[in-house]
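This report concerns only the one structure given below.
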Amino acid sequence: MDPVGRTRWAIAEGYIPAESTGELPEMQSHETACILNASDRNARVRLTVFFSDREPQGPYEVDVAPRRTRHVRFNELSAPAPIPRATDYSCLIESDVPIVVQHTRLDTRQTANALLSTMAYPV
Amino acid sequence: MDPVGRTRWAIAEGYIPAESTGELPEMQSHETACILNASDRNARVRLTVFFSDREPQGPYEVDVAPRRTRHVRFNELSAPAPIPRATDYSCLIESDVPIVVQHTRLDTRQTANALLSTMAYPV
Amino acid sequence: MDPVGRTRWAIAEGYIPAESTGELPEMQSHETACILNASDRNARVRLTVFFSDREPQGPYEVDVAPRRTRHVRFNELSAPAPIPRATDYSCLIESDVPIVVQHTRLDTRQTANALLSTMAYPV
Amino acid sequence: MDPVGRTRWAIAEGYIPAESTGELPEMQSHETACILNASDRNARVRLTVFFSDREPQGPYEVDVAPRRTRHVRFNELSAPAPIPRATDYSCLIESDVPIVVQHTRLDTRQTANALLSTMAYPV
């Protein structure tokens, strides 16, 4: 099978709302980079997070096993440091194996949730 | 007319919410792969679903007639097996004829619905 | 200036909700093809609408003046025939001048509105 | 590192809702062009806004520092003139350095917010 995806992706719009309404953890406001690795090799993925007022943070490293998806919650990234809430950021995603990346946010700050999603930009 | 679309598409973010609020079936939380076949030939489409913790499931096979659209609800796919609710997945879509694929979710877990949509990634 | 956009675009996910909540016409559930014509020539745009169970309908013809945007509401298309509500469709957009097309839906069926948007697919 | 992004982007769907519900400024209805400059050079970005019934307005000029993101709120653009509310527009974004642009709207006209987002179109 031909490779599925690319090895570099960018998400320009990043923001984790600081508040949530509804049952946790399901309805917690969060942001994800959903990664598909359709290949037969493990993907070692590195995320670099960019801010408006300081140097980039990272890389955050995650593995996506062969023929698996992994929906990475930015809320849960911790090393080298958590991503601050209510803060504008962007993200560059680099992989040693072609992957597909889609960006999604669940926002439950108000009394009913809102969603956004878009394919990340294949650099 | 030149072909409209591609023969392989990927959706990285898949998730069918387990709950719904509102009148069924219209307001049931669901996820769709909306497929346009603008060609003059039948499209035989195969969907393979990827999970985070086990081997891919499929292919699910659907036909899209010439000059027709088909909005495939992941909720309704049954053979070889239904897609579990409240579970992260991704989807690879392969067709023998060029098609266009757009991914949409309706989420009615809370008291007002949320929507997301994005073009799938043309592999 | 180099041309901005393409001459053929596709929207695979079309659906005009049949109901609305809130003040009309602003909060009426609707779907739009937002078209940017950044060129110095008039764009003659033809929309063809595809259904799940019958032959395509159209073309609907709209003009977008030079250096103008036009947000075409599918709700308001009337010739050759209105687009039925609560019905799955897709849309192919063809122009004699390069344009950019973005697809947006406002859904106010429930007590707070939902939105979706994605760039159309550049064929 | 290879350049990340392109130097021209388009957003076809622009609209700043005139009303908001919830705490300001966080929940104010707004629209943003989120810009990632992953390069090591300052990006001088020029935004030109297109309307349905008059000549384009701009350019609005913003700088995005090296290795920084900037989420530009259309609500806050003021020179050469503010962008009117409840008005259809489109936007062309040009940069002297490759960037990535994502378009997002927060709409709080009704009692719970709605969101939309999509990658801008890389011209």
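Labels A, B, C and D are assigned to the chains in the order they are written; within every chain, residues are numbered from 1.
Just so we're on the same page, a residue touches a chain if its C-beta (ideal position, glycine included) is under 8 Å from a C-beta of that chain, and two chains touch if they have at least 3 such contacts.
Given the structure is predicted, the values throughout are model-derived calculations rather than measurements.
A.B. asks: Rotating subunit B so that its CA atoms sit on those of subunit C: what angle is that, to a multiple of 5 degrees?
C.D. replies: 90
A.B. asks: Please tell me whether the contact surfaces of subunit A and subunit D are same or different in residue numbering, using the over-half criterion.
C.D. replies: different
A.B. asks: When the C-alpha atoms of subunit A and subunit B are each averaged to a single point, how far apart are the two points in Å?
C.D. replies: About 21 Å, centre to centre.
A.B. asks: List the centre-to-centre spacing of subunit A and subunit C in whole Å, with centres computed as mean CA coordinates.
C.D. replies: 30
A.B. asks: Pull out every residue in subunit A that's touching 2 or more other chains.
C.D. replies: In subunit A, residues 110-119 touch at least two other chains, as defined above.
A.B. asks: Can you check the complex and tell me which residues of subunit B touch subunit A?
C.D. replies: Those in contact with subunit A are residues 8, 10-15, 50-53, 55-56, 86, 88-90, 92, 103, 105, 107, 109-121, 123.
A.B. asks: Report the residues of subunit A in contact with subunit C in the complex, numbered from low to high.
C.D. replies: Counting only subunit A, the residues touching subunit C are 110-112, 114-115, 118.
A.B. asks: Going by the contact rule at the top, pick out the subunit A residues touching subunit B in the complex.
C.D. replies: 2, 4-5, 21-22, 26-27, 32, 34-36, 38, 67-71, 100-102, 104, 108, 111-119, 122
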